[in-house]
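Below, chain A partners chain B and then partners chain C, in two separate complexes.
Moving on, here comes the complex of A and B:
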């Protein structure tokens, strides 16, 4: 039976980032099991934003570390991922949200993040193509940005493979073998493998994978729809987002506008179908704020799943109940942007027993039992 | 019809025999099946190896013309489109297709120069239209100007397979690969190098298992073989091709020799059953001679030498003149041609007939010296002992020498080389290049036989000896060689590349073979990505953005899958279909806003 030190379940950005960082730390006895193909889950379906402007302090730190790693991505992984630090414009359309933003910015600045507060007039001056009617204020951080999620995912996978990691695609993990409270290995559609550590990086399916080890991962998956337009000239370098307005929009390197929203009425479960209702409500909302869209054509829509945790913050760590069972799940829609820092931290935790670059203890699953929960508000 | 000497076959052996005999005053009749004299020579557009002065560095078609002119000068009678159907006890009968009638021929001597036929190969579906012998492909292409397909798979990497592949490429065909069952190329290395630097793979230890297609060839399944030539299971893969060209060897055409009742021997080194003959090409019957491939599979130059030997010997018999000087000259020529490693097979075959030929005695060491940097000079990449010396003969300053024997490895004396590039234009193997280093860049002069010629200033993609892209260069000079048609193209490139670049290609329309029109993804992009490791269709799509444009994948989906199937050997069924997402045509925000529910 083939033996590994670490078997990672899930070949999305999280799983491949962990694999890459493990290999970078010198642990090459690593395998990634992907049920379908690389980037087939939420990674390949996400908007690609990379943001540091969070309401929870720990998230700001984690995101700032991620940005550091994204800046180095091409050098580290040898892959151009169309990374662009074009900034993130957070738009508040209610007084309540505006107040919250101001509080957040204070905290973010304390953490050393360079964030501007913009009046609607300033926004209009900078970005005349935005209709600032009803806008109360906006915040802007230039070092935020976006990248191509597929390429980032492939980048990690290829770099990990080059370092000696085995990446199995179309290989489904069926069970995790636990004996006397310790992980012993996995059973998969391509055979059984021994290992000391299993990492649950299964995204939308993290709860099901948790059950295989007898651990309840308190996550629920919800569909999020998204679509892309035809290509326009390059004029929209940043990501614009609003939480109370419930949207995000950015332009890809190829000129296409990509945008989406959350649906509070969405039922839990993995559903990747698309609805026309979504197109209608987006069209109405987006053409008001971005009138230039009126005559722009929509090319393609699709859906992916947010794997939501109770506090909209990731669940990352290693189980104290089952020795060798680790998890990086419940990213609540921002797994892509946190993947570099989380991958690095979890790899450090597995290899060295503690993290070196950024503290992730606040993300451990324990917090739900202890009741130490801070709900992250900056989520679409 | 009456003749002193009846020659059957108007190829290089038969025509040479006719010239020798007619020159000596013998009455000759040549009977040939073809439309024109020259046999296989008329399809050979490549330059021949051998002695300068004995047709070396001339193209086969030109040699055919020279021989034919000489035949006509000498007043030799010949009948074309005529087959010698039988040597009977009472008479010899020839059938003219054109006249649809037979002729009885009365003769004193016969020179059989019937050549060889192509071996066939057994594999599944080998009867499908689109499976050709190499000779047929050459006939269609070089004689009638018809390219029988677009994508070719060549079976066999002997000289014929290599030459045909090169000619197909010259004619604009796409050679997918050459498949060779043994672990080495059988033909000359210089021929193989011409193929390799164009990027055509030569797959050693591979064989064809079956042709794919219903009504005609659409592809082939090939596989690796082990040392016993057994197919290694699991190594099968598909190659897309509409033409499969077999170049798996020749067998002597012995039918008429057998009818004449001459003694036959089975000698595998000579191609199987061959008529037994002496060193003057005389068989067991005093008045029956053989020459060329019938007497042992070799090549055109030795066939001509054998023809001359047979012709002069017959003339000596008939006229009583002493022609031994001429006969010995051609025997020496033959001995030289067979002295090297490529003559070994024929030498050992002939030894079984009691004909012993010398071997060795030529230079084998390679020139290590690349010449003085900065000087415009020739560099030779001729690393096998093949009997060939046009470079030595043509060099005006005697800078090139073979070391005293035609089979020697050529060396250049760089003190004497003046950079005139005569040798580059002359070399039949296209194995000589010009090189010069400058402070900022280097220049390589490449022998080039493709149309159209590039223009000065054109940007080209530089290729190394294996056909891999190694950078970009600019055409600096184009030296047209109207006579020989081996042009020399000088390409400027980054310094240091002069030691690796041996070919180039013009990034033509073919370069921009667009697979995905919306996102401008080329076939090359797709192939590169597959080589990188993107073997899942969805991964490939996401990496290259195939199908992410306005057409929604209508153009690119199947094409990409086809490329993926071809490159990975997966079937189309195995390749996951792409998710086709709404809207199926682009619709504007405005059209949605103006939408009505009822």
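Moving on, here comes the complex of A and C:
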């Protein structure tokens, strides 16, 4: 039976980032088990935004560390991921949201983040292609941006493999072997493996994987849909998002416009079918705010799952109940952008027993038992 | 230069060239039933645009699928010449590479 130190369940950006950072710290007895193919889950279906403008202070710190790591991704992993710090424009259409943004910016600036507050007039001057009607204010951070999620996922996977990590695709983990309160190994569709540590990075299926080790990961998956248009010339460098307006939009390097929204009526569960209703409501809303889209054709649409946690913040750490069971799940729609910092932190936690670059203790599963929950408001 | 088929064993082509449209500023004649593509080809024009690398693009699939015939119509890019009917006074330009979208201030 093959032996590893760490078996990671899930070959998305989270799993491969953890694998890469473990290998970088010198631990090469690491394997990633992916049920389908690399980036087949939420990573390959996400919008690809990378944002530091959060409402919870710890999220700002975590995101700022992530941006530092994205900035050197190409150097670290040897892979161009179409990373672009074109900024992120947060748009508030209600007074309550505008007040919230002003409070958030104050906190973000305390954390050393360079964020501007823009009036509708300033937004119009800078970006004449936005219809600023009903806009109360916007905030902008230039060091935010976006990247190609597929490339980032493959970048981590290839870099981890070069460092000696085994990456098994089309390999489904069926069970986690726990004896006397400690992880002993896993059973998978390609055989049994011994290991000391199992990491649950299963995204939409994190709850099911948690059950295999007898740990309840309080996450629920919800479908989110996106569509993409034909290519346009490069003119939209930033990502625009609104929480009360319920949308996000960005332009890919190739020139396509990618946009999506949340649906409050979505039923829980892993459902990746697409609907006409989404196309209709999304295109109606977006052509009002971005009138140039009226003459732009939609190429295709798809769906992926947010793995929501009760407070819309990730659940990251190592279990105190089952020795050797760690988790990085419940990213609530912002796993891609946090993956570098979370991968680094969890790798440090596994190898060294504590984190060095950014504190992630606030993301431990304990918070739900203790009731120390701060709901992150800046999510679509 | 007239490249229209005058006689065909099965099909009949009706209508006169009563429509005037503009291609890169030059007035051209077209039948009311013409698509932009058929009108351009009838007028001896085969190059509808250029890629970003400078390669010529024109009529290819003829059913609106391949995006080879994209032109700029009245300032709007990415218009498929093969499935868009020509209209009186229409201003058609060659598209170079990806299209630049329109917004109010530019119109």
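Worth a mention:
We take it that the second predicted complex is superposed on the first by the 380 of 380 C-alpha atoms of A that agree within 3 Å, B and C clash if a C-alpha of one lies under 4 Å from a C-alpha of the other, contacts with A are read in each partner's own complex, and residues count from 1 in each chain.
We take it that a contact is a pair of C-beta atoms (placed from the backbone, for glycine too) under 8 Å apart; a residue touches a chain by one contact, two chains touch by 3 or more.
This is a predicted model, so every value here is computed, not measured.
For the composite obtained by overlaying on chain A, chain B and chain C can both be accommodated side by side without a clash.
Once the two complexes are laid over each other on the shared chain, residue contacts for A:174 go to neither chain B nor chain C. Comparing chain B with chain C, more residues of chain A are touched by B.
By the touch criterion defined above, A:230 reaches both chain B and chain C.
By the touch criterion defined above, A:295 lies against chain B and chain C together after alignment on the C-alpha atoms of chain A. Of the two partner chains, neither chain B nor chain C is touched by A:103. In the superposed model, A:255 makes contact with chain C only, not with chain B.
Remark: in the superposition on chain A the angle formed at chain A by the CA centres of chain B and chain C amounts to 60 degrees, rounded in steps of 10.
Chain B and chain C never share a C-alpha pair closer than 6 Å once the two structures are laid over each other. Shared contact residues on chain A (touching chain B in one structure, chain C in the other): 230-231, 293, 295-297. Of all residues in chain C, those touching chain A in their complex are 67, 76-78, 97-105.
Looking at the complex, you find that chain A touches chain C at residues 128-129, 230-235, 255, 291-293, 295-297.
Contact residues of chain B toward chain A in the complex are 519, 532-534, 536, 538-539, 542-543, 545, 548-550, 552, 576, 579, 581-583, 586-590, 592-593, 595.
Residue ranges on chain A touching chain B, taken from their complex, read 36-40, 44, 150-151, 154, 158, 161, 169-170, 228, 230-231, 254, 256, 274, 279-280, 283-284, 286-287, 293-302.
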